[in-house]
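Read from first to last, the chains carry the letters A, B and C; within each, the first residue is number 1.
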Amino acid sequence: MQPTSHAFKENAREALGNANLQKALTLMRSGFPERRAAAIARLPEFEALREEAKAIKNHVLEHLDFYLETFEQQVTARGGQVHWCRTPQEARETVLAICRRLDAKTVTKGKTMIAEEIALNDYLEENGVTPVETDLGEYIIQIRKEYPSHVIAPAIHLVKEQVAASFRATHTELDPNRRLEDAPTLVAEARAVLRQKFLAADVGITGANFCIAETGSTIIVTNEGNGDLTQTLTKAHIVLASLEKLVPTLEDVSTILRVLARSATGQEFSTYTTVSTGPRRPEDTDGPGEFHVVFLDNGRSAMLGTEFQDMLRCIRCGACMNHCPVYATVGGHAYGWVYPGPMGAVLTPTLVGVAEAGHLPNASTFCGRCESVCPMKIPLPKMMRHWREREFEKQLSPAAYRYGLKLWAFFASHPPLYQAATALMTRLLGWFGGPRGRFRSLPLAQGWTQGRDMPAPEGRSFMSLWAERRKNGDAA
Amino acid sequence: MPPVPIRVGLFVTCLVDLFRPSVGFAAVKLLEDAGCSVEVPAAQTCCGQPAYNSGDKADAKTIARQVIDAFDGFDYVVVPSGSCGGMIKQHYLELFADEPAVYQRAQHLAQRTYELVSFLADVLKLERVEARYDGVATYHDSCSGLRELGVKHQPRKLLASVTGLSLKELPGAEICCGFGGTFCIKYPAISDRMVADKAADIVATGADTLLAGDMGCLLNMAGKLTRLGKDVRVRHIAEVLAGMAGETPPIGAGRPERG
Amino acid sequence: MSEARDQILGSIRRSLKRGPLEETQRAGLEQRLAAPRRNLVPARAAALPHAAQIDLFLKMAEEVQTTVMRVARVGDVPAAVADYLSQRNLPSRLVMTPDPQLDDIPWGDRPMLEIRRGRAEDRDQVGVTACFAGIAETGTLMLVSGPESPTRNNFLPETHIVVVRGKQVVASYEEGWTRLREKAMPRTVNFITGPSRTGDIEQRLELGAHGPRRLHIVLIDDEAAS
């Protein structure tokens, strides 16, 4: 799937008119914030933990080469293998090569954003390997051929009728007259269908919320248990991870885990937090025979040492989009690619280019709510502004807009000129605003006046009134 | 000898200057009543935020330097806006991080700069105002004031002292109204939806008055409420705290007939 | 592959404007890894006496739809398990891990429990396991893989019953790690907090997404009364 971020405005317009999506977003916009607030109210140390989590990740980023090397040593010592991939293509080929060597027909997948980022599923299918998403939300969007619309709840944009329709269209071996009206039935059907896939799969692919240098372990965090069935029942466990997932020790990851679930869903801890270290041991009676960690760079190493480095602290909790007032109106698909919401607005231009994704960091009011809830204290609005600076340098914004700003800046840096012009404008607009005191429509402001009135100025500028009063001796 | 009054430079902000001078005069009254002497440097226009948020650092710096120069020498600089206040108090420092000489002056300015209600409550330690306003008001927390300058309890505290006014908390008070400066121009459909949601929350409180501390938010919300035909009086909090609400029609509500 | 590795590490170093770390720096970092230190541990459980930690453990577990039962002695466990299953009309046929921690339980006292010791299969509806620790802070079970505790036993059966001893309950994850470091790191460490669930359909909580629909703890109060 190609990114459609360049069409953000059109995507957004569609989203605003999509009744099912709006219904889902209404639920989301109060639900997640309330649950998060309740969870952190129960943990007095939450703010201190945020600071520690930020410090741990900053330390890792400053020494990322060391931690990656150490991690690799540990993985290798336990019989696993680390693969280094610079690009999505290298990562895809690496995964396919493992699957081919093991003669894999189907692979089950736990939720991994990296797999979306490298478009792994299409590639595997083209090459004769069938990938099956097992996270329920990912499974639903897989059969609908959509992008995830949220980093932890990929199918949040859908209502159950849409899910039922997709199940009917896909699970054709089941009785077409069966009832699929409610969530429990849908979940039960997914459980049954996917259980068979788990048992039949040759290879299991998961992501990694964290990679622990101390032990060469990877961690996944799920509520369903799908990631566990994916990695336990198969011949090989392949972990897809971007470089910045490193964390030094088991204690360090415990700190970050404490802020993760609470920020994401308001849970104290996710249902399944699983630490995987190497392949099965010789004496084990289950577990994968092989353990592979596929590291993807795809621009991460280049982000280090730049004004975007802080973005590498992201742990993909989704709190930012859960609290974003823009996301709450348009949902995740409007952003046009894998990563939506505030974190997507910062990350996507890095990965697909600012020409493609320029709208994303612009479609923000900089309200700052994202930054205030980010467990890793990432300054998201600041980095969106950096993207705007890069765009300005490249003159990527529309000409009319740039000229308007230039004009404003010119007047603003010449106060006497500004004050003469504004004294006149305010009189005119105040007069035209008439007794009603507002404009129903205003040339050059159609975007505003389509849905809102524009209140009229009072008719004089403050500076001209103040100057008058001073002259008349009224003011100090 | 009488104590030397605190010398305040008022940064009136472009939206107050152009759309609602009454707010500027209300701010002056509040400051003078609290014992400050207020001056309004002539060489002020804009804080530079539109340029800054559009990625135009050069123009933002030009305008910011102008502000730094114009407000040199005051004990405090007071701004009836969280958005412009935040620009001066926080973002000027980011802007001049690469120019040590100007950075120092920006830092000195930032230390002296306050949003109006925060200045009254936090610096002047005002506990109450002498004002009357009959009505049920609900208060919207403008984003910059809230998150950059910590303006939250101060307006509520001072409003609680206004005779005749009862305050009804706005559900989602901290959610952005959709103005966002350049945002409402670039993404008007999304902005309109955001303000529609905000208007629904406001109307649901049953309040007859909406107050906030930022003209951008107020113009946005007032424009939506009047378009929807809702009978909610929208004012800047300064007007109510200064007891001057009777002197001007609410925002977007028109002039009374002159007889 | 090693070309990619070198390039990636090189790119990292270039971005950080340095070469590979010097020996003293490496040694410092290695030391930090060899002797991991705890960060801030919340007081919630850590500040409690052990008996209260057990209470907290069970309370937090119940909050996430785990059912719990306390028994006074090892000998009470078979009845507790049998009653749990019959009350819910669940099969009395169960798969039990070969975990030695389950060996001293007199399962023969309840002969209607048909027990197979071994690795779980898809047909198994009820599974019984022991655990490595219980984390009081969030009502979390810590289980480790091994020849006597295959990981799939925690996930395949629809009903998962875990026998926990009071002395296995610790305050925090950090204490779990300290205990685990006394052995070799296993292939899998599972932290389990409640039964499997999803909110993926209209944000409604449904249990039993892929893992167990029911999680039941039988806790043996093996601490001497204080």
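Keep this in mind: contacts are C-beta pairs under 8 Å (C-beta built on N, C-alpha and C of every residue); 3 or more make two chains touch, one makes a residue touch a chain.
Keep in mind that this is a model prediction, so the values were computed, not measured.
Taking the mean of each chain's C-alpha atoms as its centre, the chain lying closest to the overall protein C-alpha centroid is A. The chain with its Cα centre farthest from the Cα centre of chain B is C. In terms of their C-alpha centroids, the spacing between chain B and chain C amounts to 53 Å. As a whole-number value, the distance joining the C-alpha centres of chain A and chain B reads 33 Å. The distance from the centre of chain A to the centre of chain C, with each centre set as the mean of the Cα atoms, comes to 30 Å. Taken in their complex, chain A has these residues touching chain B: 9, 12-13, 16, 325-326, 329-330, 362-369, 371-372, 382, 385, 387-393, 397, 401, 405-406, 408-409, 411-413, 415, 418-419, 422, 425-426, 433-438, 440, 446-448, 450-458, 460-463, 465-467, 475-476. Across the complex, chain C meets chain A through its residues 1-2, 4-5, 7-9, 11-13, 15-17, 20-21, 25-26, 29-30, 32-33, 36-40, 42-44, 60, 63-64, 119, 122, 137-140, 145-147, 150-152, 154-156, 172-174, 177, 185-204, 206, 208-212. Taken together, the chain A residues at the contact with chain C in this complex read 24, 27-28, 31, 43-45, 48-49, 52, 56, 62-66, 68-70, 78, 83-86, 90, 134-137, 140, 153-156, 159-160, 163, 183-184, 186-188, 190-191, 194-195, 198-199, 213-215, 217, 223-226, 228-229, 232-233, 243, 248-252, 254-255, 257-258, 265, 267-281, 283-287, 295, 297, 301-306. Chain contact summary for the complex, chain B toward chain A: residues 12, 14, 16-22, 24-25, 28, 37-40, 42-46, 48, 50-57, 59, 62-63, 66, 94, 143-144, 147-148, 174-176, 178-181, 183-197, 219-220, 222-224, 226-227, 248-249, 251-255, 257.
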